[in-house]
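Next, two complexes with chain A in common: one pairs it with chain B, the other with chain C.
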Partner chain A sequence: MQLATLAIGLISATALWSGVQALNAQARTSYDRAAAALGGNRTATLVARDGGSYAQQLYVDLRRAGWPVSPAVEGAIRLSGRSLRLLGVEPLSLPVEARTAPALGTGDLQGFILPPGQTLIAPETLREFGLTEGATPELPNGQHLPPLKPQAEIAPGVLVVDIGLAQKLLDMPDRLSRLLLGSKQDGSRPPLRDIVGDRLQLDQPDAATELERLTDSFHLNLTAFGLLSFLVGLFIVNSAIGLAFEQRRPMLRTLRACGASARQLNAVMVIELCLIALLAGLIGLVCGYLIAATLLPDVAATLRGLYGAQIPGELSLRPEWWLAGIAISILGTLAAASAALIKAARLPVLAAAQPYAWQQAQYRWLIVQGAAALAVFAAGFGFLWFGDSLLSGFAVLAAILLGAALGLPAILGLVLALGEKLARGPLTTWFWADSRLQLSGLSLALMALLLALGVNVGVGTMVESFSRTFQRWLDGRLAAEVYLNAATDQQATEIKAWLKDRPEVRSLLPGARAEVKLQGQPVELIGFADDATYRDHWPLLEHTKDVWDRVARGDAALVSEQLWRRLGVKLGDRIVVPSDRGPWPVEVVGIYADYGNPRGQLGVAFGALVTHFPDVAKTRFGLRVDPARVPALIADLRSNFALGERSLADQSTLKAISKQIFSRTFAVTTALNAFTLGIAGVALLTSLLTLGASRLPQVAPLWAIGITRRRLALVELTKTLAMAAITALVALPLGLLVAWCLIAVVNVKAFGWRLPFEVFPFELAKLVGIALLATLLAAALPILKLMRMQPARLVKVFADER
Partner chain B sequence: MLIVSNLTKSYSSGQDRVAVLRGVDLAVQPGESVALTGESGSGKSTLLHLIAGLDQPDGGAITFGEETISTMPDAERAAFRRERLGLVFQQFNLIPSLTVADNLVFQARLAGRHDAAWRTELIERLGLGALLKRYPEQLSGGQQQRVAIGRALAIKPLLLLADEPTGNLDEATADDVLALATDLVRRTGCGFLMVTHSERLAGMLDRRVHLHAGLIH
Partner chain C sequence: MSVRSRISRRAFAGGLLTVAVAPPVWAQGFAGLGSDAGGFAPVVPGRKLAFPDDHGPHPDFRIEWWYLTANLKDAAGNAYGAQWTLFRQAMTPGPQRDGWANQQIWMAHAAVTSADIHRFAEKFSRGGVGVAGVEASPFKAVIDDWAMQGSSATEPATLSPLEVTARGTNFSYALRLSADRPLVLQGDNGYSRKSERGQASYYYSQPYFTASGTLTLDGRAIAVEGAAWMDREWSSQPLASDQTGWDWFSLHLSTGDKVMLFRLRQRDGSNYFAGNWIGTDGRSAPLSPDQIRLEPLGFTTIGPRRLPTRWRVEVTGHDLAIETTPLNPASWMGTSFPYWEGPIAFKGNRVGVGYLEMTGY
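Let's look at the complex of A and B:
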């Protein structure tokens, strides 16, 4: 039994921790690949001050002046209705540190540069689009990509071609997006400003890529869950080792009495533990791999949905991962065993068990622990008050959880003492008194249960709040009945003309999107038509009185919540948008919710957007249609214009897709939540088994006095359930506090948006029910054991030495 | 009156069965104190546990008054112990989470036979007045045994069973505890069966029976 529980604890702790680490490592490897492929984050770059493109002549001027720069051009292209990033590089001048990306060996260089050239593509992207090596897919503008060549080093979703071809494909003749600056130093070259003036600015390479920064919160979240599961797993290990120690206590005393030193005994036990940890750690790693492989599609979907990050669907693991997993298994075991090992080292050879003295010692420890809880809460408050980063947000969260866990035994102690004081009957008095005696043995497992429940309540409340807010938000954002994205402007014009003869179409809402950079960060500009649909439905959080009239005039903009927070603007402030026609100042007249979008967004009048960005594709529009006639209209549109699933969708389909993405986004969290709760249940089970083994001397006298085993078992079950119920009741406010922290602190820092905080009593009641059910299941085995215990076993207590 | 007739009990030891009691006959009258002596492993404790209904015999019968303890179901045996029996063990087996005061009246209150005046008298006779708020482990062996005897007598049992109650005590304390127990037994008129190794202590009781090789001699 001890070995099984020890193994379960170690395997689950190692599995969840290493599984999460595998997911994080996989994602980070992908970001590195993406960063290397884009060539922008591993090297210093020269970019236009307004974030747009600039003349190729600047490259020539800099090279002539001795600057080791290499040109790059990038932009989005559409393939099979989906967007891909096309990157054009000049392989001969690429800086050494950026050259890992295209992996252009000398053998391939000619093929890459000389006609027809090559399109380097990640193998998984090739598969995803159903393409084959050597294919030359056609782009919406009628041009063809050079023959595709799969290369493992290319990030998914990126196509790399020679710069000349890229300029042609992106219609950017003699224009560059950036210049990559090599690290080779040459003191004789003239200063940058003398050559390019104010037109370009130098962006130094970051240690972290943009994707790494964007996804930090997601990985921090995963790591936090992994760590929580690992700690809860260690609680099991601690209980199992406690059980082993309890059962071995007489043998240890005998060995000590026979002359074996405490040091010798401890050394043997440490070796034994390390061997078990090694074996269980290996099994845990295999389980961790399986967990990671199972969760990877959901993690990849979340990262793609939230941040646009492309993560390959296949897991690749490095030797460091295996070694780290084994190390954490062994170190975790030793940490969890430290209390038992210290106890074994100090074990008096002759002293009998002294539960009351132990309880008194624990009582003093409870006071210390309670004080520590208050200190941790104070620290958490400090982080909340003075901190202004995602890390400080997580520190607040950690402080809340740690403080509550540390404070739980003190709260339970107080409740149990109060119960004892108010108790009248003999059995009730014993019930409370014995519960207090049991508290120390159960407190770790109850702390694990509290953490698991608190996190479950917190995350559950946040997800439910998000779900309902998201639903309302979707209703506002997707107000049109049909959404259409034509392949070309020409097709868009034809469709518009065709729609004029369809009486069921009440109005046509043209839309357009452009991309700019504000404060060095990409920002999306969306164009609105002046229509009642937006006035009635758009999810505005704050706005001026005449918001839509102001937007329609073309000199005002709506700002997405995340951009509003990032820029620190308020209503009435002006933002200068770098447009193709020069700086375009717009006044902020409204702030709207834009959940799930990692990028900032500015909403402007459609007409004004088209005026300032004349080349922008005018292919998107929404249609207000009589809902009953939507299916027929869509069928007619498809048959007339060969529009695919991605180009034409009705409102309900889009909402269903959005909700599906939403569900997948939280699938990982929900899975880890369930794992953590499950592990907390196992921790409780092992603690109860440990206690069951050592509690026989406490229970047997009651049986001898005339309380049946059945009644004793029921009393024991009630005690466990009572403690779990108190824990669950403490977990409710804790969980709501965690939810508030996630919603008001962590989410705001991580994503830039804040949700309305809502409480869902039914969900809370359900979770308390689940906690009690988990406790019932965990308590069932020890209780059944007690119920079915042979009298001979109980009688032995009166004959054995205690 | 306690009557034990032809009682047998054996235990399995590996693949063998070891007969501990091989047809024991014994009777204890109300108000009578009987010492049960015998070598280690002779089955004294086993006999006591069977009489207390803590275990069930393989054969024979144990009757107390009109009731047959040996055939009672578990719940009835528990009720018998709770309401009619006083049990004292060598290891005292007090309830560690309760104070002396609570331990003392625990069984009596459980059986619904708590008598406040009797409790006060017991506390006085057993000299427990200063120890009431203490926990068992804070007491010496003699003190713990006095509490155990007090608990057993607090319900005014019809039968008091004691398994080497003085085994852990020095001679003077043992004499003191036994004198107290026999005095209280006499006053309440209950039967008293005590397992002991000590010839001297056995001599202090009304009668002595010797258990040897699973039979009473």
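Let's look at the complex of A and C:
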């Protein structure tokens, strides 16, 4: 039994930890591929000051001045109604560290450069679009892509072609988006300013890729959960080893008395533990792999939905991962076993039982732990006050959880002492007193339970808050009944004319999108019509009085919450937007919620956007339609204009898609939550088993004075449940605190938006119920054992000298 | 390795650059390169070279190069070598396309060698956008910030004077070249045969350059002067398919005579010899294969390769019997396509300096 619990602890600890690590590693690999394909993050680049494209002549001038630059042009293209990134590179001058793919070095260079050229595409993107190698899909502008060539090293969603072909396909003749600058230094070179003036600026490579930066928070989330599970797993290991030590105590004493040295005994026990850890670690790794493989689709969907990061659906593992898993299993075991081993090493050869010494020891221990809890809470408060990063957010969270866990025994001790004072009758008094005795043995398991419950409450509250807010927000953002995106401006005009004859269309809301860079980061600019639809529904968080009139005038903008936080602007501040017609200052008149968008967004009047970005596609619009007549209208539109799934959507479908993305976002969290709670249950079970064996001397006298085993079992069960119930009650405020921390600190740092905080009593009650049920299950086995215990064993207690 | 060992560098450095970038495809392309011109202009005997036009590029031909080597000395008498090379390779024949669609690829090598230091660098560029290219008059060959260029004073017949600059990691140089004698046509009036089966190139040289200027080696500027030799060669199929490599000598004799000779190694162990004896009067006489004897005397191991860096060179009929020693036996050009190229000195019945290059080892 102890072997089983030890193994379960180790397996679950290793499994969850390695599973999370595997997921993170998988995602990182994908980002690396994306970074390599985009070429912009791993190398320094020269970009225009306004973030736009610039003349190719600057490339020639720089090369001729000795700057080892490589040209790149980039733009979005639409294929089958979806947006893909088209990247044009020059393979000969591409810096080594920016090589899109080793394939360019080994493949058919001539075929890539010379007409008709090649379009390098990730195999999964090829499959996703239902295309075949060698196909030449047509673009909306009537041009054809060069023959497709799948290449595993290309990031999903990116098409790589030769620079000359890309300029043609993107209609950017002799224009470049950026110059890549390799790290190789070939002699000295003149200053940048002497060659290109102040037209270009040097962007140093990021240590992390843009995707890594965006998704860091998500991975930190996963890691935090993995770590939590690992710690809870170690609680189990700790109590399992405690049990083993308890059971072996007589044998150890005998061996010591026979002359075996403490060092010898310890060495043997350490070797035994390491072997078990190795074996359990291996099994844990396999389980971790299974967990990761199960969660990967959800993680991939989340990352795609939230950040546009493409993660392939297959898990690939590296040898480092296996080694790290085994190492952490063994190290964790040794850490968890250290207390027991030290105890064994110091075991006096003739240790007598000390039935009452525990009380003083426990008292001291509670004081120390309580003080530690206070210190940790203080540290957490410090992090909250002074910290300003995601990491400090997590530090606050960790401090809250750790402080609560450390403080739990003290709280339980107080409650039990109070109970004992109020108790009447011998059995009740014993009930409380014995609960206090059990406290030190059970406290680790109860801490695990507290942590699992607290996190469950916290995450549950956050998810629930989110789904409600999100519902309201979606209703506001997707107010029009139908959303339409025509393939070309011409088609848009035709559709508009056609819609004039449809009486069910109450109004037509044109929209447009442009992309600019603010402070070096991409920002979406959305233009919308001045209409009651927006005035009534837009989810504004803060705004000036005349917000809509100001926006309609064209010199003011609404700012998404993410961008507002990032730029640190206030209502009334001015933002200068680098437009195609030069700098365009807009005043901030409102801030709106834009959940789930990794990019900042600015909302401006449609007319003003089109004026400042004359080339922007005017193909998007929303339609206000009598809801009952939406399906008929959509069917007619489809049959008349050959609009695909993605170019024509009714509101309910869009909402469903959005909700799906978000439910998957938290599916991972919820799954890990359930795992954590499960492990806490196992921790409780192992602790109770340990105690069951060591507590016979306490129980036997009661049996001897006439209390039946059944009654004793009932008392034991009540005790366990009572402690679990107290723990669960402590977990409720803890969980709410965690939820607040997640919503007000972590989410804001991670995603850039803050949710309204709501409490859901029914959910809380349900969780307490689940906790008690888990306790009942965990306690069942030890209680049954007690009920069926041979009277002879109870009697034997009086004969043994422990 | 099989690809590389089949390539002789000087004749085919232009081809090599693409081989190096894309081995599998170009390995096959290269096999074809030896046997037919593949739609490029063929090299035929009897063409009369004309200057300054032939100083410029010949895009109808598959490959071409502008090749300069210089044997230099500083004030204290220490010897140095400098190399500047620009290769052109056309990916496909046909009319030249503008911009990025242009089918020319340019590659350049530069090196500075002393007795104990050898520094080199290489560059690649696409044609058509203005980063690399050659103009005939006034003469100008550039890639990035490297250049070999003349001015309005440059004479087409002598290709003099010229300025040459290049820079790489821990080295750079700027040399001024001048010559008082006309260009020399190699082979048979500029038609240089490379095999028994008719593979050939157009080939002329300016072996009479005197060079002066400054080398910078590891941050130390050194004033130098000496002799320089420029080669111009273009072709579409200059190599037979069974030829594996090339040992090429350019020699400045103390008497003022200049000698160019090479052997093309063939897979069956035999060699194809060719060369020209250029007298002090500027007259160039082709050497017949049986006049030339080349014999390795000493070897240098560089990485996995064993290279014959010391040679006995004999030319019968001109009474030349010399032994050459490299200034720096480790003059290894570890470029995308690697080869050995460095200055040499020789003694025997004549003395002097020169350059040796060895490919396909």
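Methods note: the second predicted complex is superposed on the first by the 791 of 802 C-alpha atoms of A that agree within 3 Å, B and C clash if a C-alpha of one lies under 4 Å from a C-alpha of the other, contacts with A are read in each partner's own complex, and residues count from 1 in each chain.
The working rule: a contact is a pair of C-beta atoms (placed from the backbone, for glycine too) under 8 Å apart; a residue touches a chain by one contact, two chains touch by 3 or more.
This one's a predicted model, so the numbers in the text were calculated from it and none came from an experiment.
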### Message
Once chain A of both complexes is superposed, is A:T708 in touch with chain B (first), chain C (second), both, or neither?
### Response
first
### Task
Applying the touch criterion given at the start, work out whether A:A532 contacts chain B, chain C, both or neither, answering first, second, both or neither.
neither
### Message
For A:Q56 in the superposed arrangement: first (chain B), second (chain C), both or neither?
### Response
second
### Message
Once chain A of both complexes is superposed, is A:E90 in touch with chain B (first), chain C (second), both, or neither?
### Response
second
### Message
With both complexes superposed on chain A, which partner does A:I271 reach: first (chain B), second (chain C), both or neither?
### Response
neither
### Query
Given the touch rule stated above, what does A:A656 touch, chain B (first), chain C (second), both, or neither?
neither
### Query
What does chain A use to touch chain C in their complex?
56-57, 59-60, 63-66, 68, 90-93, 105-111, 113-115, 162-165, 167, 174, 185-189
### Query
Which bits of chain C are touching chain A when the two form their complex?
18, 21-26, 29, 91-92, 99-101, 103, 105, 121, 124-126, 129-131, 142, 144-145, 167-172
### Query
Of all residues in chain B, which touch chain A in the complex?
11, 45, 49, 52, 54-56, 74-75, 78-83, 85, 87, 89-91, 93-98, 102, 105-107, 109-111, 135-138, 163
### Summary
Listed in rising order, the residues of chain A that touch chain B in the complex are 354-357, 359, 425-427, 429-430, 433-434, 436-437, 697-698, 700-711, 791-792, 794-795, 797-799, 801-802
